Amino acid sequence: MTNALTIIILAPLAGSVLLALVGRRLGERAIGLVASAAILVSASASFYVFFQQLLPLREDNRVIHEYLFTWIKVGAFRSDAALLLDPLSGVYILFITFVGFLIHVFATGYMRGEKGYWRFFTYLNLFMFMMLLLVLADNFLLMFVGWEGVGLCSYLLIGFYYEKTFAGDAAKKAFIVNRIGDFGFALGLMLLFWKAGTIFYFTDPVRGIQGAFNWAMTQPAESLALSAVFAGGMTTVAALLFVGAIGKSAQIPLFVWLPDAMAGPTPVSALIHAATMVTAGVYMVSRASSIFIHAPAAMLIIAVVGAATALFAATIGLAQWDIKKVLAYSTISQLGYMFLACGVGAFTAGIFHVFTHAFFKALLFLGSGSVIIALHHEQDMRRMGGLKKYLPITFWTMVCGWLAISGLPLLSGFFSKDEILFSAYASTQFGETTARVLWAAGAITAFLTAVYMTRMMTLTFFGDRRAGGSSHGHAAEAHAVPHESPWSMTAPLVILAIGAVVVGYFGVPEGLSGGKIPNYFEHLLRPSIASEAHTSAKAGDEAAVSHSLEWILTLISSAIAIIGILTGLRWFKRKPLWEPPKLLEEKYRVDEAYDATVVRPIKALSTGLLWKLVDVRVIDGAVNGVAKLAEAAGAALRHLQGGLARAYVAMVVLGALLIIGYFVTK
Amino acid sequence: MERVLFIIFAAAAVGSALNLIAQRNPMYSALSLIGTLASLSALYVTLHAQFVAAMQIIVYAGAIMVLFVFVIMLLNLQEDQPRIEKQQWLRYLAVPFAAALMAEALYVFRNVKDIRLPAGSDSDRAVGATWSIGTSLFTDYLLPFEVTSVLILMAIVGAIVLARREDG
Amino acid sequence: MVPLSWYLALSAALFTIGAVGVIVKRNAIAIFLCIELMLNGANLALVALSGFFGDVGGQLFVFIVMTVAAAEAAVGLAIIISIFRTRESLNVDDADTMKL
Amino acid sequence: MTSLLLEWLVKIAVVFAVLITSVAYLSYMERRVAGWIQIRVGPNRVGPFGLLQPLADGLKFIFKEDIIPIKANKLLYLAAPAAAIVPALMTFIVIPYGSEIVLFGKQIALHVTRINVGLLYLLGLASLSVYGIVLAGWSSNNKYSLMGGLRASAQMISYELSLGMAIIGVLVLSGSLDLVNIAQSQSGYWFGFLPRWNIFLQPVGFIIFYIAALAETNRVPFDLPEAEAELVAGYFTEYSSMKFAMFFMSEYLNLITSCSLAVTLYFGGWNGPGVNSHPWLSLVYFLVKVFLLIFLFMWIRFTLPRFRYDQLMWLGWKFLLPLAIVNVVVTSTVLLLAS
């Protein structure tokens, strides 16, 4: 298995191509089998290559290269189709393929009977290919291919129900908003190439390539001043790259596409908009950590944006009635958390949260999907309630996810969130006040998270059923009693639930054991992440202080989580249909604001100036004018063509005379 | 001696050429052209280009012109009847054109240095003998040669397609 | 000795006569013959230069010209025959369908 | 210079006289052979064995009325016989009819002249000989004549290709276009007894050459241009008197030239035993060989029926020409491998 990485990537592609070619003629079972098998192959290869090939390597050299071919070579510019596996991408491919596989299995049940079954799995497999390509690429340009590819697949999958207007609109919105971010990313790449002269990550003497990160590590750190962002140096590169991450990971101000993306089928939401694609931004920032740690101003921006997004989205999540919308805003909020971690330099903590989040958010989404299917595509929580006894497996697995995301002690979300909060609190590079503010934002978010997740659970599973007045009356009567989903849906739920409970133990913060047990996860990732030692709070001499501080912070966050859950339970048990503030329910009117400030002016400019003036008058005018000119010239010149061959000959002779004459007299 | 020969054959060539355009009957025109071709062939011999001279007779006079004569006979045209002249003006245009063309050509040639013609050789390998032509044709000029063969092939196919009767 | 310029002048004369013929003649076959005459005028210049400079290249070009003439005669005469079939005339001025 | 010119003039005069006489007596010979083959008598009244018959025929031709059809194109009608006979007479000058002899104390080569592209000269004149027939057919303004002329031109163009292709085999072997060189290259013996004649190396080439030569000279079975059963007399239907005689002569001249060429190319030319010590023998050998080939021509004429026109074209284009090309390829390949 010397080319295991290639297999990881190509298996989903092969599945996708196969389904695209013959999927139309296959039955649903065969389609599901092909799609899931492709991912299973990919997942097996991932586990094999990670545990059998990557881990046995020496710690300071845990990198596997797989060179396929030289893709582009123009002058100094070079980009290879080559794959790279190190602990960072290793962690990513593990949870992508594992969670991806479970979601595929879930989707075979969820999508049963849908029109375009084969199309769905073609897209899903293609998405897996693109995501793995993004993660395994060994240079920025190849990563950009995957980056754009997941955007494309996201577009296709959100618009899966393309016959519905809102699905098409949501797909377009996602694509366009992503394009804004991608634009920044592309600019960042160009600037990086200009500065570093290479777009490869690491130096590889075998192929004779220089690495951008190796270059970055030789540069001095730039200043924290905001002006550094516009100086065209490393900070500018970092900021532009982060613009890409903002788009892909739905941060302020480009988060608006993610809630709308819930128009796609629920497995899509689980896979793309919770577990994998949206975390690409975090991956990219962590991957480029060598660049970011030299750009403190950009780091500050990341931290602030992350914290703001986390808090902002959490408040909106508090007031949504659509079960998937709640989860969508929760995702945005959690992504904000991850960026907060990255911003304060705790990249490993961010990645760890990505890792745990992949499990419990996928679980929650799939659980909500199970609920939605049981209620025949009912997504409004006001018409749910009391489903505990009808959907026992779904309920109990979702309880695991709920408690994990809320940060209940000893569950996975607790460890990762705790580490982020601690890192924020202990960060020193932006000054103490900033650190406290960031921490406070995180803590409040944690509280709100516990509250709105509890609200969602309460509205859905506890209390009495409120399904009577369903809008689709005929369906409600025919299926008055919701029933549990088939095993293909519940089995992934159970596995994910187990994961949501236990995966946190991979990264128990060092401080909790008093420094005796090292943080395994952090230890694993350390070679991939640019030395966070000198920026992170965990510098050696402060270790003892940190440990006690960490204990205190841990206790505080545990308390926050428990209080949040209890508050939620008490409040929403009594008043399940409590009307939240209008502003929150309307999501701070961000969409409307964008519409007024960006969309409409552009529309007006486009129709008024570009279309009616530039296009119609100038461009069409020029085109028509050229045509008219040609027509007029033709009308004039056609008299030369009398159809009489001898006249042509005379003209030819005249031309020859003139040409010879020219050379004679010259 | 050579000058006498040249003047004889040049006069024959020009005379035949003038006769070509003076005659109304295409058969006379064709025969006049054969006269020009034969005169040129003789001139080629004076230039030590025996092989080309022979080819001039075999290919031009013996094949191409026979084809012309054949077609003239096949169509069995009588005198080129005077018809309504459609482009009378061309006749008056042709004379100044010819004068200009000739003048330009002579103007170009006025600078030609009168170098001596190298003495002819009886050797089989002299320039213009068969050996030199064949050697050059199949080494330095192989590509033009092959391209020409393709051209001939296209001409054969084209001629067959064009001349075939629709019902045949 | 015959100077080179004599040959070239003769070549120019033949070419000019051919060109005049192409403009003046109306019979398609006669026009073809005039074109052959022009080709021969050029051939003479090629052979003369080839002979005077002792380079065989000019003569090889004459071969190629002959080949072209043969191909042209084959295709051209085929066209003439098919024109004659449809129009019962060899006058090129009658073949003017493409005019305005 | 002067003596060379004199030598030329003498040679030309002698060859011309011999050729004209031969033509006259070939007609006599043809009639005798025909009689012999068809078991009848043939001319035997004029002179002993009818030997003076050609003389009588010639006088008759001269005194016959010379008719020019009123609708004929007079100039070309008159030019056509000349155009037929002139190339026929011109061809013979390059054919070597013997080795060198000493006469009046002077080395004299038994050929009129020697050109290093002699064979091409021959082919060129042969290709011009078609004009006499074509012009005769066209200028007579007679349908039979025109048909004959058309047939003749098509037939001669077609078979000229096979003829030229067949000769290439010999050219490749001898490496020269000079007929004297070709004849000389065939002197000597293989294995001490077999003459080094090209016929043994190029049997296929010779057969193609011989058939094509039959067609080129418009002789039976290729005499369609003058097929009397269909076209009266083909292109010379309207001709009479001495102009008819000129076509007649040119046909026999072409016959002699073709056979002489065949001898030179394939049968060792003048070569034979004892030529080196007695150069006069070379002339004898040459004449005997030519005579035998001419006899073969006549034999064929009175043995085979005439072809149909489509058969003739089929034979020329689809059989002889491909065969000749294969012959060239095989010969060249073998030669390349052998060298």
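Descriptive notes on the structure:
Every chain is named by a letter (A, B, C and D) in the order it is written, and numbering of its residues begins at 1.
The working rule: contacts are C-beta pairs under 8 Å (C-beta built on N, C-alpha and C of every residue); 3 or more make two chains touch, one makes a residue touch a chain.
Since the structure is predicted, the reported quantities are computational estimates derived from the model, not experimental observations.
Chain closest to the overall centre, judged by the mean of its C-alpha atoms against the mean of all protein C-alpha atoms: C. Note on interfaces A-C and B-C: more C-beta pairs are in contact across B-C. Work out the mean CA point of subunit A and of subunit C, and you get 75 Å between them. Rounded to a whole number, the gap between the C-alpha centres of subunit B and subunit C is 6 angstrom.
Look at where the CA atoms of subunit A average out and do the same for subunit D: the two points lie 96 Å apart. With centres set at the average Cα position, the gap from subunit B to subunit D is 29 Å. The multi-chain contact residues of subunit B, meaning those touching 2 or more other chains, are 51, 55, 63, 67, 72, 74, 86-87, 90, 93-94, 97, 101, 105. None of the residues of subunit D touches two or more other chains. Each of the following residues of subunit C touches two or more other chains: 19, 23, 26, 93.
Interchain contacts give a graph that is no line, ring or star and is not complete, per the touch definition above. For subunit B in complex with subunit D, the touching residues are 27, 31, 34, 50-51, 54-55, 57-58, 61-63, 66-67, 69-70, 72-74, 76, 122, 124, 129-130.
On the side of subunit B, the complex with subunit C involves touching residues 2-3, 6, 10, 13-14, 17-18, 20-21, 26, 29-30, 33, 36-37, 40, 43-44, 46-49, 51-52, 55-56, 59-60, 63-64, 67-68, 71-72, 74-75, 77, 80, 83, 86-87, 90-91, 93-95, 97-98, 101-102, 105-106, 109, 112-118, 127-128, 132-133, 136-137, 140-141, 144-145, 148, 151-152, 154-156, 158-163, 165.
Against subunit B, the residues of subunit D that register as touching in their complex are 73, 76, 115-117, 120-121, 123-128, 130-131, 134-135, 137-138, 146, 149-150, 153-154, 157, 160, 176-178. Residue ranges of subunit C in contact with subunit B, taken from their complex: 1-10, 12-21, 23-27, 29-30, 32-34, 36-37, 40, 43-44, 47-48, 50-52, 54-57, 59-60, 62-64, 66-75, 77-82, 84-85, 90-91, 93. Subunit C makes touch with subunit A in their complex at residues 19, 22-23, 26, 31, 92-93, 95-100.
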